[in-house]
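Have a look at the structure that comes next, please.
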C-alpha cells in the first residue's frame, strides 16, 4: 500500500476512533448515535443469529437480478444505439438528461401496477442502473482505436468475430466502469425502495428498527449494509485495477 | 441538422406519449391515468392554492440543499485541489465514500436531525456535495500547468492568478459537476421528503400512495419529471456554451 | 532480390481517390491517377511529402478502402473492398492489442482462421522467435518499448505467411537509431520470407537504403513523379550507406521532392527557401 494509502486508512480509523470516544463519553447521546464498536458488534450478532436471513436473502437476490438486468440490458441498449444511426440520433440527447429524473418517483406507480413485491423494486433498480451502463458502453465502443478494427479487417476477421475478439476486449475498461456504476445503482435502487415501502429486505428491516426506536438493531443493520456495499465495490475495484495495470503504458 | 435533431426528439416524445396511452388502454384506469388527463390534472393542481405550501416547502428545501451542496462542494473541492498532497490523499477516499449507498445513512440523519426540513436538506445536500467536490478537485487538477506558468512569468499576484487563470480555466468542468450535483440533490431531497416531513411534494406523493389516489400520483410524478427535465436541459445548454468557449 | 523474375505481383491502374464534398465544400482529390506495377519479390518504397496520399494508396492497395476510379489487382485477381488472402499490413501506429500477451497477439490471426492448436503453437513460436521476442512472449505490450511493440505487430502479420507485405510508416514513432536497426530487421525478414514488400515512409534515407526501387510521389493529389532503381545487392543491410551511390540516390530523391514538400506546406520556389 502506498504512503497515501496508509494516510487514508489513518484518517478513516481516526474518524472512527473520535466517534467512538465521543459516543462513550456521552458527548453524543446514545439515543442518536451508538459507538461504532457497538454497531459492529450488533451487526455481527444479527448476521450470526440468522434472524434476518430471509430479508438478507431477499435483498441480495433482488440486487443480483438488478445487476444482471442492468448490465446486460444496458450493454445491449448501448450496442444498439451505437450501431444504429437513427437510434443514436434520437436517443443520445435523452441519455444525458436521463440522470435528471430520480427513478424513485415511479415507485408508487409501479407498486400500484405490480403490487408490493420484488418486481417494482427490481424495476426501479434497473431504471437506476441501465442507462449509465448503456452510456458507458457507447463511450467504450466510441473509444476503440480505429486501428484495431483495421487490423481485424487486414486479417480477414468476420464482423461477428470482430465484435467478440476485438471490440469487446478493446472496450472492456469502459464497460467495466459501466458495470461498477450498475452495481452501485442496483444496491441503491433496491435498498431505497425497500426503505420506502416493502414487506421484506434489509432496507425494510432498517426502517422497521427505526420506527421501533431500536437503535442497536438499526445501526447494526446499517453497518452490515455498509460492509456488504464496501466489499462489492472493493472487489470490483480490485479487478478493474488489475485490468488497467495490464493495459496502461 | 438542428431541424432533423428536433424532429427526432419530437418523434421520440410522441412515441412515449403513445406508449403511455397504450399502457392505459391495457391496464385500465385503476392503475394509470392517460396522458392528456394527467397533464390537465397536473396543471389544475399547480393552480390550486391548497397545494402551494407543499410545493413551496419542496422548493425551499431543494434550494437550501443545493446551496449547501454547491457551496461546500466547489469551495472544498477547489481548496483540496490546489493543495497537491491533500488531493492525493483525499480524492480516492471521496470516490470510495461516494460509492456507499447514501440511503443507508438516511435513518442516521433522521435520528440526528429529526423530522422536518433539515433532515431533507441534509440528505439532499449529502447526495450532491461529494460528486461536486470530486468534480471540482478534478477541474483544478486538470488545469493545464502551462497556464499557471504563463501567469507566473507575467508576475500576477495571487488574487490575479485566481481571478484570471484558475477560475476561468476551471469553470466549465466545475459546471458539469454542478449539473450532476443538481440532479443528485434533487433525488436526495425528494427521497427525504418521502419520510422526513408532513409537508412537501414527496409527502404528497406518499400520501397519495396510501390513499391509492392514482390521478394525484400520476400528476405529481409528471410535475417532478417535467421540472427535472426542464432544469437539466437549461443547465445542459449552459454547460455546452461554456465548453464551446473553452474548446 | 534484384533481377527478379519480373512477374507482376500486384498492380494498380488509374487508381484515383476523391473525397466527396460535404455541405457545399469542394470535393477533395486525394490521390491519383496512379499506375504502378509491383514485381514479385521486390522491395519497393514510396516516399512523398505529408498529406500526399501515401497512406491512402496503401489502404486502397490492401483493400481496406475502395477507390473512386481505377483497378487494383493482386496475383491476377481484382481487389475490391476486402483484404485478399496473402496480403499482410503493418500500420503506422502501434496496433498491438493491449489485452493480449505478445504470444497471444501473434497467434491472433491463426486462431481466427481456425488453424489447429498444434500448428498454431508451432507457427506462433516461430514468428515470435523470428522477431526476437521469445523472452517476452508472456509479457503484455504495455511493458515493452515502442520498437518491440512494432515487432509484435510485424510478427502478428508474418505468422499468416503473407506473400505481399504492406507497411505504412511503421517506424515513424521510433527514434532514429532504433529505426535504422528495425530497417535491418525488415531486410532480414524480406530475404528469409521472399515476400514482396511495399514500404511507405517519409524518410528519404530509409527509402534509399532499404529498397530495390524508390517511387517518389507528388504533393496532393499524389501522383508518381519518378521511380528510381537503386541496384543494391540482395544481401544488403543498413551499412549500404557507405556506398558512394547512396548519397547520389538520396540527393536525387530530395531534388525531386523539395519542390513537392514546399507545395505541401504552402510555399513555392518563387517565394524562396525557409
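The chains carry the letters A, B and C, assigned in the order they are written, with residues numbered from 1 in each.
By definition in this document, a contact is a pair of C-beta atoms (placed from the backbone, for glycine too) under 8 Å apart; a residue touches a chain by one contact, two chains touch by 3 or more.
No experiment lies behind these values; they were computed from the predicted model shown.
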Central chain of the complex, centres being mean CA coordinates: A
Most remote chain, CA-based centroid, reference being subunit A: C
Whole-Å gap between the CA centroids of subunit A and subunit B: 19
For subunit B paired with subunit C, centre-to-centre distance based on mean C-alpha positions, whole Å: 54
Geometric centre distance via CA averages, subunit C-subunit A, whole Å: 49
Touching residues (chain side subunit B, partner subunit A) in the complex: 4-5, 8-9, 11-12, 27, 31-32, 88-90, 92-93, 96, 99-108, 110-112, 180, 182-183, 186-187, 190-191, 194-195, 205-206, 208-209, 212, 214, 217-218, 220-221, 224-225, 228-229, 231-233, 236
Subunit C - residues contacting subunit A, complex: 62, 64, 82-83, 85, 87-89, 91, 93, 95, 97-100, 108-109, 112-113, 140, 142, 156-157, 160
Residues of subunit A defined as touching subunit B within the complex: 4, 7-8, 11-12, 31-33, 86, 89-91, 93-94, 96-97, 99-102, 104-106, 108-109, 111-113, 180, 184, 187-188, 191-192, 195-197, 203, 206-207, 209-210, 215, 218-219, 222, 225-226, 229-230, 233
Residue ranges of subunit A in contact with subunit C within the complex: 145, 147-148, 150-151, 153-157, 161, 165-166, 169-170, 172, 246-249
